[in-house]
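For reference, chains read A, B, C, D, E and F in written order, and residue numbers begin at 1 within each chain.
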Amino acid sequence: MRLTHRYRFSASHRIHVESLSGEENRRLFGKCNNPYGHGHNYNLEITVEGPVDAKTGRVVEPGELDRLVEAEVIAAYNHRYLNVDLPEFQKLTATTENLAYEIQRRLDEKWRQAFPSGVPSLAHIRVQETKRNVFDLSIIEEAI
Amino acid sequence: MRLTHRYRFSASHRIHVESLSGEENRRLFGKCNNPYGHGHNYNLEITVEGPVDAKTGRVVEPGELDRLVEAEVIAAYNHRYLNVDLPEFQKLTATTENLAYEIQRRLDEKWRQAFPSGVPSLAHIRVQETKRNVFDLSIIEEAI
Amino acid sequence: MRLTHRYRFSASHRIHVESLSGEENRRLFGKCNNPYGHGHNYNLEITVEGPVDAKTGRVVEPGELDRLVEAEVIAAYNHRYLNVDLPEFQKLTATTENLAYEIQRRLDEKWRQAFPSGVPSLAHIRVQETKRNVFDLSIIEEAI
Amino acid sequence: MRLTHRYRFSASHRIHVESLSGEENRRLFGKCNNPYGHGHNYNLEITVEGPVDAKTGRVVEPGELDRLVEAEVIAAYNHRYLNVDLPEFQKLTATTENLAYEIQRRLDEKWRQAFPSGVPSLAHIRVQETKRNVFDLSIIEEAI
Amino acid sequence: MRLTHRYRFSASHRIHVESLSGEENRRLFGKCNNPYGHGHNYNLEITVEGPVDAKTGRVVEPGELDRLVEAEVIAAYNHRYLNVDLPEFQKLTATTENLAYEIQRRLDEKWRQAFPSGVPSLAHIRVQETKRNVFDLSIIEEAI
Amino acid sequence: MRLTHRYRFSASHRIHVESLSGEENRRLFGKCNNPYGHGHNYNLEITVEGPVDAKTGRVVEPGELDRLVEAEVIAAYNHRYLNVDLPEFQKLTATTENLAYEIQRRLDEKWRQAFPSGVPSLAHIRVQETKRNVFDLSIIEEAI
């Protein structure tokens, strides 16, 4: 059984690769490279997977999941300029692909603290930058 | 090829585990344990999978699928208080996880009657309780 | 300038008029009269109207509006069975038309406390029961 | 007859009033005052009103409306940091209320060039900052 | 109090004015003038207005409204090529503006049959051709 | 990492199998077999899969993907009557299942021209005919 919770955060970013020239950055990223950035209402879907608890009838205590995502992801990214405010995007380009990986890293770091048994597992991350532009990261759970 | 049809039903439920104390129920389920229940507009997605028929160009006769889902699921759940009106939730907690399993059970029971060849198969059930809260049940078709 | 904030609450209700016979209730309200009720994810839109403050550039302090709506409406209705849990629906039929009027009454009662100048005014209430079923209540501000 | 066209642009902004102290800005605007800004996918609805042309059966040549809105509004605001990139927000606070007025001003300036007869008129501007936060500006057409 | 019900129908149309040359039609209507037509999932919103009945707590018997709209509008337009299948578009150009007027005409013709008291009144018709293209027709009720 | 871009096109179609009698067509396809066709606003989701480029932080150059889909699919299908305007539906029934396969064929034909390295691969095609009716085609990338 999988459960998906949806979250939103508003942030701004600029797509700019330090090691490339200004001209090459503009050619590759166009208006996404505009010098002062621009922003989005990001939609975030976090999917967990696990067995349904026989007593509670639930795959996860939903408040526990929300507390984790809100503390580790939403509180950090909401109403921020990713390139400037976040340590992970000081060097890493703030594309939504990299954002998805960073969200995975942030959740992985605290997962065992929130879910000591490792159940449920983090199964999927979806970040929607705009209605036309959606990024999916499937997490293949390693055998333990 | 997979085809998904979307359905809606409005129902109410209360999350309450008989074997737990009132206090433990309140601690575990919060406002979802309020004594007289509350309700949702449930969105239901039923996905079938199979080959595309060479003559008709379709994976399923859509009216056949709708008749099955409406008779076995929508007619039973729509405008009902799940905990009281439905036999399956007399003992089983009316979480949406359990609701997804019960929908699978209801469809499985009549599948061969509606689709005697077993084609298409029931591949996936998604129940959206609210826009923030989505449950997915993938059905792994057993080899025949 | 008008500002609309959107809220959600999940509740259950039953459409039943005490002064009518069971048969007449069933004839008039059909499945909405089912004895144990059913539920919805209600969408609520609250629209305020007023001049834009020259200094802040805003028509209302949005946190102030949210605190009022959440305290007076969402906290009262969310995860409740309207017919049983709410004093106003002990005698009044819990149709969404009446729900809209009760939301107006609840907000009016505390409006001057939240906005002592009477600015902005409450201009419009929209309650969406389902995607197909929307109720609108325009509030004509009386001259002062 | 009214016709509404919907547009989207992604931009970032910071709510900050120069004449107020840093502390007062933070108190009034909270996380919207974060120093490096944040962003949104803005939805813009432009509504025109006029008679239906007897020959073409249309209230406006839709391409003409789109060219005007895209040249005067979308091209200017899309993928920009409003506070820094746009002359109008050098002094004016970049709230969405003020953004709606600036969109009206930009369209008014070129309206007669696009529609020399003054028909159709600009009737309404709606800017949705997030799904929860919507701003409406009704334009009362002055008698000619 | 206003109640809006939403309906959907799928139809095809071609924007073509008989009295204009082929070239002028192509210049005015572009791809909407393609010779064999194209189609849309139309969203239709019908808004009625009236007092809330003191006994039932409703502004209209919703089944009565649905029967009228489905019989007079949806049954006629759904899964049809408007230009060829519908008598009203034999001469009239099948723009969505004209479609809105024809929907009003069809409903007006049977309104008194469905609602002999004239209450509620038909207040507003909205036709959404695509997510970007919405047409609104406000009906000013004449004094009786 | 997967990236999904969403597109829209408006087209009309008629479900009709030449080798069947008129009566059998009507029995099988009902109103979808109406002689002059009907239409939809199709939503198309194209999903690509591949590694994230270490330099650009992207899985694909999004403009490259859009140019391919717009040239090969949208330009061909938008504002067309599929059965008459498109060579592939002269003999093939214009069901949405077949439409999904034809979109795959059109993209496959030009994929190596747009992405000479074969990276990213085409992973999934989703066509939504109406909000209730969605078709999914997963593409299993063959080992090279």
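Just so we're on the same page, a contact is a pair of C-beta atoms (placed from the backbone, for glycine too) under 8 Å apart; a residue touches a chain by one contact, two chains touch by 3 or more.
A quick note: this is a predicted structure, and the numbers were derived from the prediction, not measured.
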Legend entry - Duplicate of the E-F contact set - from A-D, A-F or B-F, the pair where over half of the pairs recur: A-D
Inset, instruction - With chain centres defined as mean CA positions, report which chain is farthest from subunit A. - result: E
Legend entry - Pair joined by more contacting C-beta pairs (A-D or D-E): A-D
Inset, instruction - Would you mind pulling out the distance in Å between where the CA atoms of subunit C average out and where those of subunit D do? - result: 29
Inset, instruction - Between subunit B and subunit C, tell me the centre distance in angstrom, where each centre is the average of that chain's C-alpha atoms. - result: 30
Inset, instruction - Go ahead and note the Å separation of the Cα centroids belonging to subunit B and subunit E. - result: 35
Legend entry - Multi-chain contact residues (two or more partners), subunit A: 131
Inset, instruction - Answer with line, ring, star, complete or other to describe the graph linking chains that touch. - result: other
Legend entry - Residues of subunit B touching subunit F in the complex: 1-7, 47, 52, 55-59, 61-63
Legend entry - List of subunit B residues in touch with subunit C within their complex: 8, 10-13, 31-32, 34, 36-41, 78-81, 84-85, 130-131
Legend entry - Residue ranges of subunit B touching subunit A (in the complex, touch as defined): 15, 17, 19-20, 28, 30, 92-95, 97-98, 100-101, 131-138
